[in-house]
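Two complexes, one shared chain (chain A), two partners (chain B, chain C).
For the complex of A and B:
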């Protein structure tokens, strides 16, 4: 062996060892950073959820049977009366207070707190109605456009422009949709502040999500399915109807539902178009004609949270309403998202290729 | 022959005089391709193809990848219509004397007469039963007895009946690769075609499944005219009556299969068959 070879080997070992120690340190540091970032995100999410569930839970749940605060879930928002009577302290919603006072002769001195009594049932009903209608409109428009984009359209400048505008639509801030909805549906169409104006505003907002998700689902269907159908004498529409849409449906439905669940949480699009701060009647009460249902404003959970947190004087009683409403709202959104996941699992089992 | 041609002409709603089909001799080709130029966008894929495909014969298209054999096959039932950039620059394809690219021809009707089996078996994610009758369902046929009869006849015809008759309601995708391909053949047979186009039907199958399909092709010959694209020259030699060799979009040579494999006219053909290129 020549001496030069030994020298080469030594320096190589040296460099290898040195490098490995250094790179190991870097590796550990970077890895720790990634780990910490992830934990931090988890911590943030956990803080929000625990806070809302803990404080909201106090409003929504009761320690004795039926364990739920039935009044909160079934009554309308009312003024809260806080008073002392014969040495006992009472907290009562306005309607209960009135009937309580009936049987008592002496005057009662009360402190009143707006919006802090009663419940949020009209908001729950309004939000569910808003979500259902927006979803029907958005899915109809979205799926039809996605069929055109994925199956019929020819590549070219127009198609690129359409795609670009859909992408841009997804980036428009929600308040802009709110203003647009007010200008278009509330004022120009003369629908006033109404369910139907809110439906269309929310639907337009969720459209980009539904279109791109539906198109994606349809493109994922192997071309072989379409070819086989064409080769058996099917027209293009027959092929889409029998061999594209059914298999794309799980993807379309789940992403649409999740998209709708997301816009259901938006306050800005409905605050000018559909939401009332307070309304005595439930949406289906006192209708003269059946279609009046569409042309009335409703209360909605996100807007109610906004109203009780920002529009009225704050105190311990309003804070109970805020957290209770937030808790119910989170629960509803989670339920919608969960249902879409269950639906996907079920439909995936049916169609698999 | 005349019966088939009359049926085809009726289906395609052509007013070709009936005397034509009576006068023709029994050796008239079912499909005649003449001076056919075809391109995808700017890229010409087929150059001046002239070819006759005889009825009740198996015709094999062979040649290296990209030689245009699959393209020509897909021109025979107008599957290329679905590709936006596809253009026919010159020439025509006649089936029983009817130019299938005539503007009066309804391509969906044509595809019922000229069925196709694809390289990758593509059963629908439906039951075996529904797979077979798909072509009838979309025509609005609902009569249970007719559908049942079709399923049994076609699955028997595709040599699959014995293997699946007890589980017609299970998914077509639960079958093995070879069974899936036979299911696709049964499905194509259900709409009553005269011609079956097969685009490398065995390329994804193991030798046992391949042998079954080849056996099936031999039997199908009695009822159908078959055009098969294959990469496998032994397969072409085994199943076909006539063979066409393509190279770079040109039809180099077409002849009886024995002739092509024993003593080809062209040197290129011989080189390809003996494995010296391609």
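For the complex of A and C:
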């Protein structure tokens, strides 16, 4: 190729592609706008994360060994006492303050801040109990129902109606499930504010989500895989066990993890069914009979956040507790959500047809 | 291989073990079917239960409204309406006076001097206030008579219920010992009604009095105060005209009119007041809550729709694949943030931030800035937008993803730019999916509880839409918020309890409606991709 030819070609390309026309300028502007809106959303969310992680981290972490604020994670919420004694300023949770006061004769004037001392261990324990029970109920009912709907039931109008109503129920606001749980379990069944009432309320809240997501992932499996199994003489259950469930597992798992995040994160359904604002004992302490465990209210992280942010004023002492709780809660939820996203990405790569 | 096993090789059913006449297959099928049955029954039960608990509301509400009418308290309330209008007028007058004092202070007068100046016009203010006294006393007296009658009626009702339960448990003597009187509302009402002529006389005096003193409105040299007094004169004249209307209503009021169940229904759906634990009458009107809910949702959608759809188009059509792989999980991650954490952020940071920004000098030209409340519809709406964006984004992105590649290729082959392809081909094709994404995002916002409970300000009043855009900075209350706030303290089976169930039912129906339309739109406008 002679040098002159190359020059000609370059200039041709320039005139064809390099020319800046009006529509290209507009395109670049509009794309920049789209990009801006996307990154604006990401920035807003990041602001919340950073704010809570930064301020909450101060409560949860320590600069020296063991690097974690053990009292915050293992104690129960208490009143915080702030006082000056012999020229030194003290901040103490209620139980420590009492033992401190015993050694001293003179009266101590303190400022008290409700909920701001101690830690949040009962809330963490309560949330874990709530999630475990609700998910056991919801998963058993949900996955087994989904197997029936997808594999055994005959397609037709009734099935479509059932499917549609389940899908619709998945979008019902959580407070509606809360008011239902309150009316049904707490009042009509007389379970009062208790773990078991919370379990059922939360389980029914996520049940439509789990059924529809699990069924969706089973129906997505090509019919040919089932036919192949039947053709070899397998029974229906064998077919489901070997050719349906393994491939539907990623979908079922992600839906259930999303369910866990939802159950752990919702406040409205447990406000009236399971959560106490303050309770001295841990759920497994002071039980007279073993089944009393189910019929007692518990503290829960989301409700605790609501209580400390709505019922007590904002100041330097209370905000420590507020941000610390929010941080721990966000951390738990984020871990669950992240695991679901990672799991799905991995599983998608593994199973393909 | 013996003969028997050979024979059964072709009869597969013989190999199956059965227990109680069930083979393993049918037992499993029964297990799955049973579970499905339980789930469906339970989910149906939720709907039924909401209806059952809510339905009793209208009967109770009707009885309450009937009592309100029969006891004649409604009649008093009509007069009180006039009294309230008058006291609004007095309040306006007082605002003029306090403004005058403020102005004098600004101009550098000390207390004694400004006192001397304000004293000149003092007589007028006192005279006007005195005019309101007879009406107020008349209303208070009537109210006392009638509410005493109503209270003793309710007491008697409680007693007769108590007696019934005593009789049921066979304690005849105790039941007989209870003294239950009949309360005749007509008797009490006649006392009040007989003084109607007094009321008319009071009104005549009132009008005459206002007309007499109106020309002697004090003159302030200041332009602002003068404008205010002019406005006051207008308002006073309007009030005088209204008096006859109030009078008409009072005279036309009839105690015997019954309350049909439809009235209970309309005064719930279209009622403008939500008042509980009132000494006169509880009102359960949905409008303040519903308008609050929709106002918050509108604010949220105002931000969420452009941002969510814009981000979906960007990620699906414009972004490079690495960018896409990072942004998509990130936005899904946002949807997992619990609402109570977002609400907490609103209380701790966002609300204060908005109020501070509204106080900036550079924004002073906006007439409703600076705002006074840090928790208002805008605070809640802005945060809810962040919760709606992941919903809208995910579904809209799915819809864009479903547009066949050949559409895009055909458009590009015709020489259109990428932007033209996106706006003219891809977005219109995916429009049904995008609309249903927006609808579902709206459903999410309407049903959200914790953010509005924490950040919307919780004032039960209809937002003043007449004030224009500034209305979004008013504190509001919402349907979800009211349930969360009041359900904890209601008595099981009371009217208030059932009213909250009705609100829950309305929410339930709204969300069903939204879901239904979202699905309908997707199915109806789906293009064939043959």
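The rule is short, and it goes like this: the second predicted complex is superposed on the first by the 315 of 353 C-alpha atoms of A that agree within 3 Å, B and C clash if a C-alpha of one lies under 4 Å from a C-alpha of the other, contacts with A are read in each partner's own complex, and residues count from 1 in each chain.
To be clear about the criterion, a contact is a pair of C-beta atoms (placed from the backbone, for glycine too) under 8 Å apart; a residue touches a chain by one contact, two chains touch by 3 or more.
Quick caveat: nothing in here was measured; it's all calculated off a predicted structure.
K.L.:
Classify the contacts of A:167 with the two partner chains as first (chain B alone), second (chain C alone), both, or neither.
P.N.:
After superposing on A, A:167 lies in contact with chain C but is clear of chain B.
K.L.:
Which partner, chain B or chain C, is in contact with more residues of chain A?
P.N.:
C
K.L.:
Check the residue A:109 against both partner chains and state whether it touches chain B (first), chain C (second), both, or neither.
P.N.:
neither
K.L.:
Of the two partner chains, chain B (first) and chain C (second), which one does A:225 touch, if any: first, second, both, or neither?
P.N.:
After superposing on A, A:225 lies in contact with chain B but is clear of chain C.
K.L.:
Given the touch rule stated above, what does A:319 touch, chain B (first), chain C (second), both, or neither?
P.N.:
In the superposed model, A:319 contacts chain C only, not chain B.
K.L.:
Go through the superposed model and pick first if A:30 touches only chain B, second if only chain C, both, or neither.
P.N.:
After superposing on A, A:30 lies in contact with chain C but is clear of chain B.
K.L.:
Once the structures are superposed on A, label A:142 by its partner contacts, choosing first (chain B), second (chain C), both or neither.
P.N.:
After superposition on chain A, A:142 lies in contact with chain C alone.
K.L.:
Check the residue A:235 against both partner chains and state whether it touches chain B (first), chain C (second), both, or neither.
P.N.:
After superposition on chain A, A:235 lies in contact with both partners, chain B and chain C.
K.L.:
Which parts of chain A are touched by chain B and by chain C alike?
P.N.:
Shared contact residues on chain A: 233, 235.
K.L.:
Going by the contact rule set out above, which residues of chain B touch chain A in the complex?
P.N.:
My answer: residues 77, 79, 82, 84, 108-109, 111-112, 115-116, 118, 120, 122-125, 134-135, 137-139, 171, 173, 184, 187-188, 190-191.
K.L.:
Provide the residue numbers of chain C that touch chain A in the complex, in ascending order.
P.N.:
12, 24-25, 28-29, 31-33, 35-36, 38-40, 42-44, 46, 49-50, 53, 306-308, 310-311, 313-315, 318-319, 327, 329-334, 336-345, 347-349, 386, 389, 393, 417-420, 440, 443-444, 446-450, 453-454, 480, 483-484, 487-488, 492, 500-501, 504, 507-508, 511-512, 514-516, 519
K.L.:
Name, in rising order, each residue of chain A that touches chain C in their complex.
P.N.:
For chain A paired with chain C, touching residues are 23-24, 26-27, 30-31, 33-35, 37-38, 40-42, 44-45, 48, 51-52, 140-142, 144-145, 147-149, 151-153, 162, 164-169, 171-180, 182-184, 187, 204, 207-208, 211, 233, 235-237, 261, 264-268, 271-272, 302, 305-306, 309-310, 314, 319, 322-323, 326, 329-330, 333-334, 336-338, 341, 345.
K.L.:
Quick check on the complex: what are the chain A residues that touch chain B?
P.N.:
Counting only chain A, the residues touching chain B are 154-155, 222, 224-235, 238, 242-243, 247, 351-353.
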